[in-house]
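Okay, structure first, notes after.
Chains: A, B, C and D, in written order; residue numbering restarts at 1 for each.
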Amino acid sequence: MKYSRNELMVVAAARELKNGETVLVGVGLPNLACNLAKRIHAPNLTMIYESGVIGAEPSRLPLSIGDPCIVTNSKSVCSMFEVFSYYLQSHRVDVGFLGGAQIDKYGNINTTVIGSYAAPKIRLPGSGGACDIAHLAKRIIIITPHQKRRLVDKIDFLTSPGVLEREKLEVKGKGGIKVITSLGVLSFNEKHGELVLESIYPGVTVEEIKENTGWNLKISELLKVTPEPTTLELSTLRSLDPSKIYI
Amino acid sequence: MSKVTTMEEAIKRHVRDGDTVYIAGFTHLINFSAGHEMIRQRKRNLVLCRPTPDLVFDQMIAAGCARKVVFSWAGNPGVGSLRCFRRAVEHGIPNRIEIEEYTHFSMVARIYAGALNLPFMPLRTNICSDLPKVNRNIKFITCPFTGEKISVVPALKPDVSIVHAQRSDENGNAQIWGIIGDQREAAFAAEKVILSVEEIVEENVIRRDPNRTLIPDFIVDSVVEEPWAAHPSYVQGYYDRDNDFYLEWDKISREPELVEKYLEEWVYSVENRKEYVEKLGAGRVLKLLPKRFYSLPVDYGFYR
Amino acid sequence: MSKVTTMEEAIKRHVRDGDTVYIAGFTHLINFSAGHEMIRQRKRNLVLCRPTPDLVFDQMIAAGCARKVVFSWAGNPGVGSLRCFRRAVEHGIPNRIEIEEYTHFSMVARIYAGALNLPFMPLRTNICSDLPKVNRNIKFITCPFTGEKISVVPALKPDVSIVHAQRSDENGNAQIWGIIGDQREAAFAAEKVILSVEEIVEENVIRRDPNRTLIPDFIVDSVVEEPWAAHPSYVQGYYDRDNDFYLEWDKISREPELVEKYLEEWVYSVENRKEYVEKLGAGRVLKLLPKRFYSLPVDYGFYR
Amino acid sequence: MKYSRNELMVVAAARELKNGETVLVGVGLPNLACNLAKRIHAPNLTMIYESGVIGAEPSRLPLSIGDPCIVTNSKSVCSMFEVFSYYLQSHRVDVGFLGGAQIDKYGNINTTVIGSYAAPKIRLPGSGGACDIAHLAKRIIIITPHQKRRLVDKIDFLTSPGVLEREKLEVKGKGGIKVITSLGVLSFNEKHGELVLESIYPGVTVEEIKENTGWNLKISELLKVTPEPTTLELSTLRSLDPSKIYI
């Protein structure tokens, strides 16, 4: 079966999730990845939304993290303060999904501003829960298009901490961040002390990836080719987004 | 004296120019009716607070109501950019606005502290971020028991909070289900509380399920029965989010002229929410109704 | 693997001698079944925590399970003195126990901080009291925003929390109505959670009313279907408090011999809660049943 | 109609409550006083229990502050932490009822221990919510039998603060404490800087009161005789406790 790189990106993210884990879901691609994992290999994945919904079983593709379809038939609903404190702060979230306008080689993320804070070139939405998730979730998965303007050498503003910063925190985030892009997967490498290319999508070249990365990306000695989506993964994924809103 | 009144009257009575105003609701139960009424009454110099400004503040900013926005995520949820907000921040159109920015957790911790009458809340975030550099209200203290560094944020105590709920009685005992968001904290933290509801019900309906009541009557100042107050946001069990409008706003908000036209047509020329819903039309309204899906009753027992 | 097990097995698996054990429940949903099981299994050197030790801790203290009690009000609620507790504190019978004492607010703030993984909670009490003089865990700090003096208490993180609820599914998604007390905080604060319920229901019953679920399955270690686990305390909608027993205990607990006799007859010689309820007898049980008094269903809506 | 001094004590407490106020109710006499006030002159009194019940309308006389009868048909129920924080700490409780084993001339209360804390003569139940209520309720009503061993010159342990201590707090408690005894009513007097006898029950003498008070009780220049219970007050009160459990 033919597939797009975006489809493989979602499949690769889904494969990172283990059965029995709790995951703080974002709207869009993370939501697809979670629902895919749940249907393929992780039926006991608990989906938590920062809107306060625990154990959602959405009857349709949610259009926002507060969509009414995630509430109906969920296991529990609590207030927004409660989801951040009872769940996230108490380290009951195994995996948090993040994205960003700028991401550097340590997984530091900027979702606040392009340019200076006082006189922004582009004012981005801001942290939302991202900074909190990056401080408190046990593992972080960043999903992002692989573009030079996103994967940058230096971010304009540190909204959410990456691997090195997370080491100072209670969660001990070393190695706890993976970046799943539209071309491959980056993960923390102890030796290099930064994110390295760990896996590359079939048909993508290392040169193509390097050209689209804003820093001199290191390549893992054990670089793998990401396995293609199985027929089951692909057909399940497509059934989750029949109107092709996200993929 | 009954607290039941109209939105026009409630806004007139409780919101003064320059007030710090909190409109509650995380994606759910966002009180657009109150926002539109403040635009109609041309309230000015407001300090607008919510975690997600959403379209309701985007419209109020465009209409010139705001002098400052306190927030944690300024986007069009599920769609993209919040353009009137950005225009004000980036280009000072229609006026410069000050911003005060937090993470979601910090923002809800602030209104939580306000609700509890605590001067601050401690929380485990903000340590590795540039946010404390641009916001002096995000501080750090040392835990007197463990010695660890922990972030603290100050209480937020709005002059007026505006909340929306599925139902309440005439006195304002309000029940909410679905996403609770910050409705309860907003009500408890504020000096004045305007509550609007989809339905006013008999006190007896409330008393049959007291665990569902999140806001008690004696902290509520005005009660407004305002069906569809949350449109284009939604009310669990009553109507869906009007996602078409969220997409449409993305286009409207690109052009100040289109925004002006929208406000003229849907806010200034409309007398109240009833007229607004009438203008939406039956077709659009019916399309947003969900199918029924009821909870099961629980037994509280009657003890003699 | 199913979490559903017996109380005997749950206590055996999760409670070790020397553990800090929290039995939740403010007057309501007090897990006497778990208390009796710990007595039967002759658990020793436990640090017993609850705001109100109530009869459950009085009995455990008399049986020699406790080395320390952490509490805020040690009385027989509505009746008077907690005599086995007093005998241990005043005369070291059956053994000396250490006490660590708070106000109610401070005690629930401690378990709340534990649930939220905060190292401490600030709160506006304790300032004008001798309690901080006898308990070094009650401290004061200066608010970094307002400069005012405010009390802080450290988080309480039990090794095991034991909670009781009206119902849950087999995985432990628990719904509680009536007095919530400290059930939720106790569950979230602990390393291990034993949940017992009056009824295990289909997951579908829980999912029809998610706002009623206070404890989610993935924080629960064992689920025990244990009807009447709370007797002589009560369960809203299921049975009333057996006030006659609270009065009777006032007499029994005056004499260590009578206490010994009670424990022999009602705890050691009884295999489990089922046998205990059988021993109570139909007449006593039926007398405690309330009349039905149902909440009304609410509509969550089904969205396509 | 004939009445007992205990009955007048409850009636006097009820008269202190104003319509529209919120009151943190204790079990026993305070509960009777609140229910009486509600039926006579304060129909919109909101009864709050520290167990988390707001706006109770008990169908029978509650036997504890957690009786199931206070939940059924109430307006709202919240957790114990919430009732202390959302309601009491945010000064949403107008009146709190307290009692005590020892009370001094400033309304300081001991409910912790008789004798020394380390080696107690009598171990009392402790603070419970009393210390919190004394810090945070706007007004305090203490109901107590008028006995020399209770109204003492010096308390053995300060569990809950009285008028002078409360002045230091945010609530500004000056004058905010009344002590309703079985013989009369004591309230704070600015001039004397302590609690003075403000009102005396019919048939009680000042000498009798002084004899039963552990300090040299000052008498108000405006000492009044407490009005007798009306027939309505008395019959309503008796209907609230038909088995005479508390009166």
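Definition applied: a residue touches a chain if its C-beta (ideal position, glycine included) is under 8 Å from a C-beta of that chain, and two chains touch if they have at least 3 such contacts.
For clarity, every value in this text was computed on a predicted model and none was experimentally measured.
Counting C-beta pairs in contact across B-D and across A-B gives the higher total for A-B. The mean-CA centres of chain B and chain D are about 40 angstrom from one another, to the nearest whole unit. Separation between the centroids of chain A and chain D, computed from CA atoms only, is 58 Å. In this assembly, the C-alpha centroid of chain A lies 29 Å from the C-alpha centroid of chain B. The distance from the centre of chain B to the centre of chain C, each centre being the mean of the chain's C-alpha atoms, comes to 37 Å. Shared interface positions of chain B, defined as residues touching 2 or more other chains, are 117-118, 123-124, 177-178, 180, 208, 211, 236, 240, 290, 293, 300-304.
Counting partners per residue, chain D has 53, 67-68, 71-73, 77, 85, 89 as the residues that reach two or more other chains. Contact topology of the protein chains: irregular, matching none of line, ring, star or complete. Contact between chains, per the stated criterion, is found for A-B, A-C, B-C, B-D, C-D. Across the complex, chain D meets chain C through its residues 27-28, 50-53, 63-68, 71-73, 77-81, 84-85, 88-89, 112, 117, 120, 122-123, 125-132, 134-136, 157-161, 165-166, 168-170. Every residue of chain B that touches chain C in the complex is listed here, in rising order: 117-124, 137, 139, 141, 143-146, 148, 150, 152, 154, 166, 175, 177-178, 180, 205, 208-209, 211-212, 236-238, 240, 290-304.
Chain B makes touch with chain D in their complex at residues 115-118, 173, 188, 206-208, 210-211, 213-219, 300-304.
The residues of chain B lying in touch with chain A in their complex are 26-28, 51-52, 71-75, 77-78, 81-82, 85-86, 89-90, 101-106, 108-109, 111-112, 123-131, 134, 177-182, 184-185, 234, 236, 240-241, 243, 290, 293. Considering their complex, residues 20, 22, 46, 53-55, 57, 59-60, 67-69, 71-77, 85-86, 89-92 of chain D touch chain B.
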